[in-house]
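Just below sit the structures, each encoded as structure tokens.
Okay, so subunit A shows up in both of these, paired with subunit B first and subunit C after.
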Partner chain A sequence: MTRNEAISQMLTAMADDALIQGHRNSEWTGLGPIMEEDIAFSSMAQDKIGHAWALYRILHENLGGTEPDRFAFLRGEKDYRCCHLVEMPNGEYDFSLVRHFLFDHAEAVRWEHLQQSTFEPLALTARKLKGEIKYHTLHANAWITQLCRAGEESYARMQSALNVCFPLALGIFEPSPEAETLLVNEKIYAGEATLKEQWLDRTYNILSVAGLNLPSEGSVTPAYGGRKGYHTEYLQPLLDEMGYVFRLDPEAVW
Partner chain B sequence: MDNQSLDPRVKRLKLNTGGEPVTVHEGENWNVFEVFHQEKRGAHHEHVGCVHAPNAQLALVFAKEQFARRKKCVNLWVVRSADILSFDTEDEDMFANNLDKTYRDASGFKVMEKINKFKKSTHDKE
Partner chain C sequence: MTITAEKIYKALEQVMDPEIPVLNVLDLGMITSVKVGDGDAVLIKMIPTFSACPAVELIRQNIRTTVEKELGASVTVEIDKEAHWHSNRMGPAAKEKLKNFGIAPPQVYNGEAYSEILMHTACPHCNSKNTYLRSPFGSTLCRAIHYCRECGHVFEHFKPLE
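Showing the complex of A and B:
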């Protein structure tokens, strides 16, 4: 594996996570619990798709990859590298909020490290996205703290959503030893294990204030497979819907 | 919500904490918060609208996407609408004669004229 292949592998995983998470969150548009939250959540979903686009552009412009729209919409399911967490259907708002909390803190930790990346296009993007990601975690923290203390039902729902999301969220940090060793040696990023430790610390700090119990890592099976192209049954229907208009005429100019 | 601010009149939201939650009881409504937008540092905060939220912290979180996702913005204020005191609309007549008193209007003074006249007179004496 070459340096550029390893970078491409990492960027594809990050971009696919952002694209699929953005699409899932955008499914709440018009259905959010109140208008203000609907607007905020939709706006952040749009940010996520923007993050995916920024990464697909780096793949295209710096690493010889396919043009971003075609890469985002025309790949087969097995060629996506997103984790299972982002593929899961929305269900109730508690699930979406806890997923948003766990996912966005993972993104925040990753992008913070990437500000020092020796791969310059990524370091530049990391600095550009900093403020947006800060708002996403602020939004998530505010809701988690609020809903965990809003009565028994609310607390129970948040805890059960956390129990469901946690093993899925560990899948964000699925190791890819060969590429990771190369990227860590080249100081392109810090490696999944390091990011995961920091993510656990950070989420724990908020969750403990909220009175929620983060399940212990040893007690659950992480949802791995996404980084190798093995997905849940929910990804294909999402891809069918997301790419429907694009596939009608991939040559159309917008 | 912390108040360790350089400007003690303004409470500033700390991003690393979730803030204190509020309990909304059965039959109780969320609050309306007025939102003030600041375009650049040092500029006045201008009223831009309102948001509906359970507490000030979430009001600020909502206001950011509601009122600060397009125009240039460096900061926002939120104030609970119920904390604003206003005159009764019936008492509008208190202001009725303002338009007649143009001598109170700062832009009405022709000060520069007088200053120039004074400068000219002192200059002439020298």
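Showing the complex of A and C:
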């Protein structure tokens, strides 16, 4: 594996996560429990898809990859590298909020690290995106804290959503030993294990204020496979819907 | 007519933001450089406020057509990848215009946590700081929604961004 192949593998995973999470966020448009939340998930959808696009553009312009729209919409399911967490249907609001909390803190940690990346296009993008993601974690923290104090049912639902989401969220940090060794040696990024430790610390600080118990890592089975192209049954139907208009006429100019 | 950087900047004053029509692209700090090259070809570099801003292409096109019309030169507008937009790029005059338009301007950030500076954003209608953040997301990516306890208005805020 070459340096550029390893970078491409990492960027594809990051971009696919953002794209699929963005699509899931957009499914709340028009359905949010209150107007502000409808707007919030729609805005976060827009941000995520913009972030995916920025990464697909680096793949295209700096690493010889396919044109971003075609890459985003025309691949087969096996060629996506997103984690299982983002593939899951939105479910109830508790699930969507806890997923958003765990996912966005992972992104925040990752982008903060990538500011120091020796791969310049990524370092420049990181400087821009980390500020935007702060608004996502601010939103998630506020709701996690409030809903955990909103009575017995609310608290129980948040804890139960956390139990469901946690093993899925560990899948964000699925190791890819060959690429990672190369990328860590070249100081392109810090490696999944390091990012995961910081993510655990950071989320723990908020969850403990909210009175929620983070399951211990050893007690669950992480949802791995996404980074190797093995997906849940929910990804293909999402891809069918997401790319439907694009596939009608891939050559159309908008 | 000789094309100079000054004339280009003058023409750019006419290019307004499609989402906040009282601010032009210079007020917003979106222009990072202007250059006049061989044969009076103009190169303008710009940066979007938020990376997913849907108005970027429209703004880019507006810059090109306005400067071409004003100066009769051929104009290229590029996204500047070296620079990134942050809200301290917006000057005091621009913030005043924003406030008069009914949107609270972004506070100057010095690296402090957003949640703290967002807590008591001054209401653009009555100047009270007895306000709270209702949602960090608003009608466009660059805005948040606040509520003023003093005058009872819900108001929008141009978010600070590092």
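Here, the second predicted complex is superposed on the first by the 254 of 254 C-alpha atoms of A that agree within 3 Å, B and C clash if a C-alpha of one lies under 4 Å from a C-alpha of the other, contacts with A are read in each partner's own complex, and residues count from 1 in each chain.
What we mean here is this: contacts are C-beta pairs under 8 Å (C-beta built on N, C-alpha and C of every residue); 3 or more make two chains touch, one makes a residue touch a chain.
Note that the structure is a prediction, hence the values are computed from the model and not measured.
**Student:** When the two structures are laid over each other on subunit A, do subunit B and subunit C clash or fit?
**Tutor:** With subunit A as the common anchor, subunit B and subunit C collide in the superposed model.
**Student:** According to the stated criteria, A:Trp53 is in contact with first (subunit B), second (subunit C), both, or neither; which is it?
**Tutor:** second
**Student:** Could you tell me if A:Tyr135 is touching subunit B, subunit C, both of them or neither one (first, second, both, neither)?
**Tutor:** It touches subunit B and subunit C both.
**Student:** Name the contact category of A:Ala210: first (subunit B only), second (subunit C only), both, or neither.
**Tutor:** In the superposition, A:Ala210 contacts subunit B only.
**Student:** Of the partners subunit B and subunit C, which touch A:Glu36 in the superposed model: first, second, both, neither?
**Tutor:** Both partners.
**Student:** Considering only touches as defined above, state whether A:Ala150 meets subunit B (first), subunit C (second), both or neither.
**Tutor:** Touch status of A:Ala150: first partner only.
**Student:** Mind sorting out which residues of subunit A both subunit B and subunit C touch, each in its own complex?
**Tutor:** Dual-contact residues (subunit A): 36-37, 39-40, 43-44, 134-135, 138-139, 141.
**Student:** Inside the complex, what are the residues of subunit A that reach subunit C?
**Tutor:** Of all residues in subunit A, those touching subunit C are 36-37, 39-40, 42-44, 46-51, 53-54, 121, 124-125, 127-132, 134-135, 138-139, 141.
**Student:** Please name which positions on subunit C make contact with subunit A in the complex.
**Tutor:** 50-54, 81-82, 84-86, 114-115, 118, 134-139, 141, 144-145, 159, 161-162
**Student:** For subunit B, which residues are in contact with subunit A within the complex?
**Tutor:** By the definition above, subunit B touches subunit A via 13, 15-19, 21-24, 51-55, 57-58, 61-62, 64-66, 69.
**Student:** Where on subunit A is subunit B touching in the complex?
**Tutor:** Subunit A residues touching subunit B: 34-37, 39-40, 43-44, 134-135, 137-139, 141-146, 148-151, 205-206, 209-210.
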